[in-house]
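Following this message is one structure expressed as structure tokens.
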Amino acid sequence: MGIRTAEQYKASLRDGRRVYIRGEKVEDLTTHPILSVSVETVAQGFALSNSPDPEIRNLFTAFHPRTGEPVNRYFITPRNSEDLALRTKMIQRSIELTGGLPFGKDIGTDCLNAAFVVAGQMGKKQYQENAANFLEFVRKHDLAMCGAVTCVKGDRAKEPAQQKHPDYYLHVVDRNQEGIVVKGAKIHITSAPAANEIIVLPTRQMREGEADYAVSFAIPANTKGITFICRAGRGDWTPHEFHPGHPPRELTEAMIVFDHVFVPWDRVFMCGEWQFSMLLAYTFATFHRFTAISYKVPAVEVMAGCAVAMAEYNGLEKVSHIREKLADIAGYVETLRALTNAAAKDPVMYGDIAVPNPLIANMAKLHFAGRYHEFVRLIQDICGGILATSPDRMDWENPDIHGYLEHYLGGSAKYSTEDRLKMIHAAQRMVCSHESSFHEVTTVHAEGSMAAQKMMILFEAPLQRYKAMAQAAAGIKI
Amino acid sequence: MGIRTAEQYKASLRDGRRVYIRGEKVEDLTTHPILSVSVETVAQGFALSNSPDPEIRNLFTAFHPRTGEPVNRYFITPRNSEDLALRTKMIQRSIELTGGLPFGKDIGTDCLNAAFVVAGQMGKKQYQENAANFLEFVRKHDLAMCGAVTCVKGDRAKEPAQQKHPDYYLHVVDRNQEGIVVKGAKIHITSAPAANEIIVLPTRQMREGEADYAVSFAIPANTKGITFICRAGRGDWTPHEFHPGHPPRELTEAMIVFDHVFVPWDRVFMCGEWQFSMLLAYTFATFHRFTAISYKVPAVEVMAGCAVAMAEYNGLEKVSHIREKLADIAGYVETLRALTNAAAKDPVMYGDIAVPNPLIANMAKLHFAGRYHEFVRLIQDICGGILATSPDRMDWENPDIHGYLEHYLGGSAKYSTEDRLKMIHAAQRMVCSHESSFHEVTTVHAEGSMAAQKMMILFEAPLQRYKAMAQAAAGIKI
Amino acid sequence: MGIRTAEQYKASLRDGRRVYIRGEKVEDLTTHPILSVSVETVAQGFALSNSPDPEIRNLFTAFHPRTGEPVNRYFITPRNSEDLALRTKMIQRSIELTGGLPFGKDIGTDCLNAAFVVAGQMGKKQYQENAANFLEFVRKHDLAMCGAVTCVKGDRAKEPAQQKHPDYYLHVVDRNQEGIVVKGAKIHITSAPAANEIIVLPTRQMREGEADYAVSFAIPANTKGITFICRAGRGDWTPHEFHPGHPPRELTEAMIVFDHVFVPWDRVFMCGEWQFSMLLAYTFATFHRFTAISYKVPAVEVMAGCAVAMAEYNGLEKVSHIREKLADIAGYVETLRALTNAAAKDPVMYGDIAVPNPLIANMAKLHFAGRYHEFVRLIQDICGGILATSPDRMDWENPDIHGYLEHYLGGSAKYSTEDRLKMIHAAQRMVCSHESSFHEVTTVHAEGSMAAQKMMILFEAPLQRYKAMAQAAAGIKI
Amino acid sequence: MGIRTAEQYKASLRDGRRVYIRGEKVEDLTTHPILSVSVETVAQGFALSNSPDPEIRNLFTAFHPRTGEPVNRYFITPRNSEDLALRTKMIQRSIELTGGLPFGKDIGTDCLNAAFVVAGQMGKKQYQENAANFLEFVRKHDLAMCGAVTCVKGDRAKEPAQQKHPDYYLHVVDRNQEGIVVKGAKIHITSAPAANEIIVLPTRQMREGEADYAVSFAIPANTKGITFICRAGRGDWTPHEFHPGHPPRELTEAMIVFDHVFVPWDRVFMCGEWQFSMLLAYTFATFHRFTAISYKVPAVEVMAGCAVAMAEYNGLEKVSHIREKLADIAGYVETLRALTNAAAKDPVMYGDIAVPNPLIANMAKLHFAGRYHEFVRLIQDICGGILATSPDRMDWENPDIHGYLEHYLGGSAKYSTEDRLKMIHAAQRMVCSHESSFHEVTTVHAEGSMAAQKMMILFEAPLQRYKAMAQAAAGIKI
């Protein structure tokens, strides 16, 4: 079929998967008050592929390189900088068009593209075929995926084998002619309950003696032994909020427990080749940080917009220290955009696969994460204390006090009090809400910590070139 | 009576005051699901004055300097650095003992102490007597107060008189032999609905032609024409949380609308003396920033403790980059403590009133506010992504998945999984919740913005001394 | 002739120009102990155009677009991103090949390219022809230029007309049929005494009533009325230094006094068109910041190399906090490189002239300047206190104490003590010398201050796009 | 004699000591063009003790606690916070009065006070007597000292015993009934060639098996086997500078080589007690960081003064972004002052010795070092590019160009051009000179690196208190 509709996608989630949230088992994700928000957010990606607007449809779909049939464009393995730039564009346009990120095919192909690179380097034909066949399978069935990478890890100071029990890192506990049996738990898996297929990668480099932990595969979400335990999300808009016309957008994370899950050999991409675990983790990280910085650009643009708007609504747009803060805000956003585009324009080729520039992608991610809290602070500073203490929409609609609010909560005379309140509510969602603090944490931890980015920057930067230049300047013969 | 009980205090709030929250009018604050939290938090201050433990009771009460009767120690006007240090100690002990800040007498006396200083400088006997009499009144009736300072301000680029309407700053609209009539709205007023008395100060320096805006007075909370519109708070603990044994602590802010409110002359501390409005705003700010830095110390200690604990629970306490982050965390906390204590030890005397050192108090506040977001980031970094995605207490108690959580969410073997989850929930409240982002905003805005602190640092620092030293070093004759 | 030799260039400086340094008049720059260093540094650029290595020669020369004759490649007006990238490459290769920056044609064409853009916008044919003719003139005679932009400015709070005297900004004091007479002084003019031609631009936007200050022209360095007052430089290597095999490289700045200097009309590019003064200053700034970030990349690479080398020489390269600092150092360098290349890849077209992307060029410059001091600190930190207290080469060569130095100043056994000392001396030049502090100051001030870059970022960034996105997120109809 | 004159001190340096600088042996320090500057700087301390002004004399001298004879006040072991505050005052007044720091007795007693603390903790009577007798000796002869702490260290990744040779850390190579023989080299020793006595302390904690490296003693500077190799300093003012009326002040560092130096037992304070090496290093560091922060306050005040003055001389003192920078500058200086005073006010008692508060002293030092480069940047920013390119005094005095300089280098009309140039020259010495970059390096490295300060902050901060507070907030029973 190639291109599914949003409805077909949603129907596919009623497949018996085992999902828990807020202490309760979920019978139908698509109607659950919280999880349906995630489902609808992902479903928007299917809607885009079926858009009546040919410009949109042509962006989000492409022709299968062999059959010519239409497939989702995420399923086109990038061969050059244009392909990478199109991934950025898809991500950014999907946010602009739907108000949220229809996550699933981006990270799924981040995983798969990394698997292709590593299978190529390993020179194991079977894994290459497995990955190629799996790609054809998802192309054909237009599947949503999640990337299950981070293990729960137990005591962080201990190697997998030294832990209280062997399951803090997902590992192979049995194998036979048909396949392997795995046990463990993956955590913080974005959009997991809304995926059709789970792709598992090792959480980090594995060493000799940890071969059972060097395992990668893909498996349907309703496979026996799999349980999703989801974090709670916000659910629908409440009557206390001013909000835009579309439903709220959000992606729910889950812990995925693998309780003796069987994986057939043809779904396995790595099993025991610990020497390649680092390359797999590293290549996935590069692809996925590139995905991340791509979607962070519109995310921070809209936050910056709250600051621009609130400065104007408060009559502050010409005050010198406010202008300096707006310049810092704009510089943060545009440096991220420039580095993101530069990572696409200067890829590293592994065979015929274009990998986003790892050095630039990591610097972009580090720029984003390292300065995000300061960016938030600048926005909070410009918006004012009303962010914290604003009345809600029900206050506004209560005739007893509406007049007071209308009279006293005006700002610049160019804007209505109601629009000012609406903007305050938007800014609250961005920088003064449970969601906003959640995003601070994911900024620090999602797609790898800043320590991980620094490690890769150190690995990729031309330190020996610097050193040789310094030796020449010192008059040292080498 | 001098010292009221918590029950007497709570009863006093059932006085017909007009309070709205989440779009609805509140009949009884003491039983309202959200506002009762604020009331109980403030009531703990009364409980401390009645503590059976003499050490506690003696800290929170003192002898009336003239009558020798017991009064709340906040009502002792500070005469020296020991008195200031005792204010810090009361604030910090009250947080340690009750889990929250029983706000009301601290800010009330910050206002009153400033009023004393200014009345002394103005040399207007009537204002001095009014302030002294009001102090006796609150001493005798052991009243809770709030400080109503910040006006709504409208277009920030415009002076009061240039605004769309004259009410964006609270002002006198009428006066007669009995008193004055005021109109306007004060915003972000912490603990306002839980106060017995409202003390109003000008929000900033007023200039010639703005005499009607230079007004200060005290008025009971149930005075005709006063309406409180409160921000929503969290309410009681939910079954989804792990939490300590005591009730949640929180203070609700309110906007206070003054709709032609009559104030008798004997409650007025300033009316028209715009030349002294800056001194009043400035002296209040110094007292109140000192109060603020005093209560911020235990607030950031407990946050730092989450980082220390989570580092250990995760097995990371010996990792070099974690240790460096813990040193940064500790340095942030202890610099705040050292500066807070230094502000008390080196007061400025106005007559016989000891004002906390304005230069040091402002630097302490700027240290707190300017580095808070980075402090939060360090804690988020150490705690890990589980902050964002942790399962809740109902998940933990569901036998279907309890075993998975117990097995997979352990950290260092020295601690139980349950304790680790409890610590994660505490850390969430500190750095990954609506409350935590609310605190980021108040860090930036409460007790004046960083720009205000820089202005006062510039005003107080010995720039001319620096310049003279530089001229000597340059060989310039002066 | 098109391409001059280094000797021809040097001979051309013996033209009677009036140059002062360290209180004395200079008879021959090419033999002066300090100024000859600048002259030789610039002369290397001529040597590169005549390199026997065709790859080098072909980089630094190009074919005249009309006549096909060889000309210096800087004299090719950029038409696309490849031309801009070649400018970056010329600058960076010239530093790698000669150890210094042969400054003069880069800034000269930064000025001229800006003049072309503005002449095009003004639509004044005469100015367009003047600029075109002057370009042909410098192409034909292969001239070195300087860009005289910054006026002395007097009291910075006052407009030109309010100053104590009218000369703090260079201005037209007379005009007749043959030309104009100008008076004033330009300051901080890099490489000025080593230039053949001086190109003058307005130092900033001029306003109505300041038309006499809106003046731009080119004039030979030995024109009557022109005096250069140079800052002192380092001169040749001393016997106390370890140094590389090539002579020291340095560019001397000068103040250029214009004491009633006559400029013929055919050398004038602007005279009175104050409305276009901002565009001229702005376009020059964009071109020149792009030049600056291009040459800063190798400058900071070699500094980074000192840190990499010293970490290894001291045996510290595997220590975790040193590695984190090296990652910060590499991230600083590579972010600068990535943004510099991005500015070339995404130009703005004015007619057929490619202007480097102003937003990205300004962010790159701000990144460079805003984080340079921290970069220096990291290098100082890694290198160690020996940077400050190192013995000199004469100590090393004194047999009385040589043995002690050899024995005690070793580091990692992989390197000789002598090489370690050589590297320490190189690092001293970079981060612990008069030169290094001089570079800190030029980092802050050269090519415009950080405030100037923030102003341009604010001007160029899509603030209205951000705002519209925020309004959509707020549900505000526009 | 108790109190020596400056002349007596200088005469005492002609004692046959072996000193090298710039490759040459020094016959008489007191007449050497560079080293005499250090000698005179130290000699000023003797002049202060003999000041005709009783207020000064009484600050710098005190009564011997037993005999009542006058001794230098540095030789009074601190018993309380007032004694510590007096040390700060002596240091700061000596800089104000002489223009430099007469270094020697401060660090000498930092070492000795630490030796007293450790001898007390070891409970070794002989060491206690040795230290007490040595203190009497320096009191009686009014001696200048240096503190020789930092070893050359070789490969920093290796323990003393693993090095290429055993001498990278100073150690005992022989011992007999009369005393011990030591070998090694101490580096970066401030003011060393101008000292009468060298006090040696271990450079860091020594471990089991490193007992020979755990050695501390005092020895005259002219002892056989000792060689000083000095860094070059600036020497006298040049005619190219504008400068103040007093001679330049500077302290020269030296490497001190100990080539089989004999130390009699009665001069030994530790020999083999490696278990106490950490306490000795740590206590010395606390005393010495307190000395350091004390003298940094006037050092940064005068730097701040250059910024204040240059802002005024340039007419910029009311510009909003300049004012914000001045506030940052003042905040940096005053936070340092407040923490320095707080360290004195809250000492830790070891027996009857008052040790400055280690936590606060380390935070003050870290504040100073961690933000110094940014402070320098702000000053450079305010002063302007003229810092880098200013003409010199010989230019100013050349009548050919004097008129141009007078006319064009004026700033605000309130100040003469000559005063502006003088201030520029002072600012150059502070932030744009070899000296200024030297100070950047010593800021990072002197008195221990920032890593050392963070280690001590972590050690001293109440982490377990934080943790307990967090556990209470989490509801964890402990």
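Which chain is which? They are A, B, C and D, in the order written, and residues in each are numbered from 1.
Following the convention adopted for this analysis, a residue touches a chain if its C-beta (ideal position, glycine included) is under 8 Å from a C-beta of that chain, and two chains touch if they have at least 3 such contacts.
All of these numbers come straight from a predicted model, not from anything done at the bench.
Separation of chain A from chain C in touch steps, taking the shortest path, is 1. Comparing mean CA positions across the assembly, the chain most remote from chain D is A. Chain pairs B-D and B-C differ in how many C-beta pairs they share in contact, with the greater number at B-D. Centre-to-centre separation between chain B and chain C, using Cα means, comes to 52 Å. Inter-chain spacing, taken between the CA centroids of chain B and chain D, is 42 Å.
Residue positions of chain C with contacts to 2 or more other chains are 321, 324. Remark: chain D residues 320-321, 324 touch chain A in the complex. Remark: chain A residues 96, 99, 242-245, 298, 301-309, 312, 323-324, 326-328, 330-331, 333-335, 338-339, 341-342, 345-346, 359-360, 363, 366-367, 419, 422-423, 425-427, 429, 451, 454-455, 457-458, 461, 463-476 touch chain C in the complex.
The residues of chain D lying in touch with chain C in their complex are 20, 22-25, 150, 152, 154-158, 164-165, 167-168, 185, 187-188, 227, 229, 231-232, 240, 253-255, 257, 259, 314-316, 318-319, 321, 373-374, 376-377, 380-381, 384-398, 400-401, 404-405, 407-413, 431-434, 436-438, 440-442, 444-446, 449-451.
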